[in-house]
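Chain IDs A, B, C and D follow the sequence of writing; residue 1 opens each chain.
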Amino acid sequence: MLETNVCGLNFKNPLLLAAGVMGSHASSLNWILNSGASGVVTKSFSIEPNPGYHNPTTVPVEGGIINAIGLSSPGVENFKEELEQIDSKGVRVASIYGASPEEFSYLASEIEDLIDVIELNVSCPHAMCGYGSSIGQDPTLTEKIVKATKESCKVPVWTKLTPNVTSISEIAIAAEKGGSDAITLINSLGPGMKIDIKTGNPILSNKFGGMSGPAIKPIALRCVWDVYDSVEIPVIGVGGISNYKDVVEFLYAGASLVQIGTSIMDYGPEIFKTINTDLNEFIENSDFNSINDMVGYAHKKI
Amino acid sequence: MKSPEVLEIKEIIEETPTIKTFIFDWEMEGENIPYPGQFLMVWNFKDEKPMSISHMNFKNNEIGFTVKAIGPFTNNIHTLKEGDNLGIRGPFGNGFNCDFKDKHVLAVGGGVGMGPFIPFSEECINNGGEVDVISAATTKDELLFVEELEDLGVNVYTCTDDGTCGFKGFATDRVNDLLKTNHYDSAAVCGPEVMMKPIFDLLEENNIPAQYDIGRYMKCAIGICGQCCVDNTGWRVCKDGPVFSEKQLRQITEFGKYQREPSGIKQYY
Amino acid sequence: MLETNVCGLNFKNPLLLAAGVMGSHASSLNWILNSGASGVVTKSFSIEPNPGYHNPTTVPVEGGIINAIGLSSPGVENFKEELEQIDSKGVRVASIYGASPEEFSYLASEIEDLIDVIELNVSCPHAMCGYGSSIGQDPTLTEKIVKATKESCKVPVWTKLTPNVTSISEIAIAAEKGGSDAITLINSLGPGMKIDIKTGNPILSNKFGGMSGPAIKPIALRCVWDVYDSVEIPVIGVGGISNYKDVVEFLYAGASLVQIGTSIMDYGPEIFKTINTDLNEFIENSDFNSINDMVGYAHKKI
Amino acid sequence: MKSPEVLEIKEIIEETPTIKTFIFDWEMEGENIPYPGQFLMVWNFKDEKPMSISHMNFKNNEIGFTVKAIGPFTNNIHTLKEGDNLGIRGPFGNGFNCDFKDKHVLAVGGGVGMGPFIPFSEECINNGGEVDVISAATTKDELLFVEELEDLGVNVYTCTDDGTCGFKGFATDRVNDLLKTNHYDSAAVCGPEVMMKPIFDLLEENNIPAQYDIGRYMKCAIGICGQCCVDNTGWRVCKDGPVFSEKQLRQITEFGKYQREPSGIKQYY
């Protein structure tokens, strides 16, 4: 009931792990696969090692958390060892980041044999200048990076976008033009900040961090809705999902797959099993025959 | 999950030339209530690092941790005075099982790894267990908590690398020695991993069930960033640990071999 | 202890009512003034009457609500009757909206004698095309509108911005260049959406609505921080404030005044009294001697 | 505050040629528990409007409201069949005080304004009060709830504009008439404002404390948008009302004079 096919790949259900959450080691990624996810996205990695920001790197806010891990990465050479060990029973998505088309295409060519999909992180809201959302806020650069990556590898390429732009559809269309096989949205929101009132210190060492968790769901849903209307390629929804109802909302809004991140903090890796069970029951009690039937359903209602 | 709460340092105890204990007022209620083996994240407004809870006073509503000065963060903490502020969040992690009624338990702490063993011993004794503690250090002046533990009714065995106090040699040798004369139903171990590994091997040989309080580099401490996950199970030391049973530890293949730097690069011991 | 002066006006405390919340009638605005607010911002109004969108116009989400009231307005002629009756013991801020510099300047000249400040709503995320955030996402148009308004009236003009842009500082700088006397941020976030999973219907009749309430606070704070660093004029903070701690955070981030909206849903107009009492106590137990001492305090800590 | 919950219509009762009651399964627990005089927001997937709760069954876990077809929304609701969906959120507002032990209460309902008076009467009687109800309508066929109220033990007085049943004339005249023979400790009134205003004047003259269930155009229903605020106090009908005491009503200067359209423009009666 839960199987679906996106970009020519079979997913045994529509639930994937989102990038950056328990995603730094093959061992934790395999735990997530064993917990019921149909696929996993790795923590984003770069060519060179990067320790990320000093702590504090996360702080809770109403309805979620803000984080500025700072794209820590062991560098592609070290990370290959992890990629090799991710269980191929799930769909293995490598999230990569860089500052130029050359960096992205180099990374893609280095790892394409080890994984099933490449996700481009052009959307991290707390990346160093020149990385992350400073790319995904520029349609021309986004298109170039997607194009360069596509030319350097044969696996499907998903482009992950930031909601922190005036028009997300504009960026999605640019990614589609560049040849992206799907659009993932959204990366964390904002950035936002929190200040300690006793001392006046911003709590995150980076001051600002991306917001994630249930509070960002309405924004993520609207981004999925808009981009579904703007491009032909599949949309992958992420942001604040914590139960099967959220998944249904995302599918209705136009997502073909969803990713789950922050909710693992509250529910652990077991969340994948729980949602799969509930989602299966929901579909069995509905008029839908497949996940695919549900994708974009709400667009037909208006 | 809570934000760091900025608290004034209520009291500083100079334990050894390199180790100090920092004590804070702490409402012992709800999610605040700590358990032996849990840790706090301590924010000095520049960085934030994990520290085992070494002091729990339920009557006076106090909490504390014990810090060895070994680098930029811990050196900075050592410069602080009573009345200065630190940000604290927690408690985090699972903590020790202390349910040892009528059992004989051996706790082994190396250096500042002694941190959790006052609360641990207290809880075991309250539950009707008997506790022996090996307090190990490089030299006499660095031994931690000997008197405090004796006051609780614990049999304390000291052990120094240089023989300035008690047994001369490593903690493993001390454990080996004690096993010859004593029967233990269970053990609890905390200290540098290079110390814990041979003790683990020894206790395994002797079929003694045990709990190991291990350390990994921590960022979020709330089980989300994945930094502290261990091979091959992927368990999060901050959430699924930091205490693991001997059965679990057998599956943690990286134990005693390597841990990961903030970047994720493996650092072999 | 709580008094402050911004744009040459005295405020008996830093708390104002935000636009659009209990702001359509003089009677409810006066209730808010009697509950302890130092000033009130009216619901935004236009030249011609506008009934707004069909219901549902609000729906709860994690950490707040989304709304698409749709800028309902009785039109300036009818609204003058309300403006005349707002108690002048508080600072009376009229929020106006239009589609062109001419509309804004006409509105300003029509009402300036009845009120103390004009706030330009160039930021509503669910306005009809050509209004609201479609203006505030364009720096050139924003500057023109501010300039036209300034030229047509003598009262201070505050420009209220939308966070739904790639760079809020860019827009704030444009407003400052246009002659704005202060910047108010943020208008509601997103927009976001919510879909009923039983029927597949988006719940808001307008599908999308602006998000408000505690969940948006981290984003609002970061916008205040950024704009405080980018302009010389005062910043007025709004978004998710529900207690005195939130107010302190906003002051530290750089706000000279704050506005409170959605929290009235949970706490009623009494929230102003409660926060004033708590804030007063906080300051008395601190080293600060005035509200002004606190403004931007966190910037000095880093 | 909750989102609308989409529920199937369990039962439709055709009350009069223009009025139907819609009944739904409803978990009577927590914030769901309604109180007489509260209302629901009803969503037909095109618009959403307030409806008084006319039916509360705590045994069978049911809730319901009674709709008069007078415009696009209510006409659409009338086309629905059992099993069709509607979105419901609520209950909202303050509700009636029903605490009238050993007191004699007069309830006056005009047309579909009878809505709240079955739950109101039931609660008053449960509390040990005696209830008289005037059910007023244009004509006999439009009279609401006469039998149901009699079954509860209420003294029902009907009143029709055309005299087809009971008293011929307006509800005010009927009230005036009853006041000559009966003593009432309190009253409750719901109906079109042009009906309520003269009754208010009459009850004021007779010094009878009363509660008035008033209507204003509603958008949010949660006390935030300000649409339903009344002059001169600014009270929100959706949150501070919809029921106001006679003391409060004296301060609502717009009562009987005007209300506001969705745009905010005043609409004089």
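Following the convention adopted for this analysis, a contact is a pair of C-beta atoms (placed from the backbone, for glycine too) under 8 Å apart; a residue touches a chain by one contact, two chains touch by 3 or more.
As the structure is a prediction and not an experimental result, all values here were calculated from the model.
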Intersection of contact sets, subunit C vs subunit D, gives none
Farthest chain from subunit C by C-alpha centroid distance is chain B
When centres are defined as mean Cα positions, the distance from subunit A to subunit D in whole Å is 51
CA centroids of subunit A and subunit C: separation to the nearest Å works out as 33
The distance between the C-alpha centres of subunit A and subunit B, rounded to whole Å, is 36
Among all residues of subunit C, those touching at least two other chains are 194, 199, 201
Contact graph of the chains (line, ring, star, complete, other): line
Per the touch criterion, the pairs are A-B, A-C, C-D
Listed in rising order, subunit B residues that touch subunit A in their complex are 1-4, 6, 41, 43, 45-49, 85, 87, 218-220, 222-227, 229-236, 260-266
Per the touch rule above, subunit C residues touching subunit D in the complex are 20-32, 43, 49-52, 54-60, 65, 67, 69, 72-75, 78-79, 194, 196, 198-199, 201, 203, 205, 261-262, 264-265, 268
Listed in rising order, subunit A residues that touch subunit C in their complex are 61-64, 66, 137, 164-166, 189-195, 197, 199-202, 207-208, 211, 214-215, 217-219, 221-222, 225, 240, 245, 248-249, 252-253, 282, 297-298, 300-302
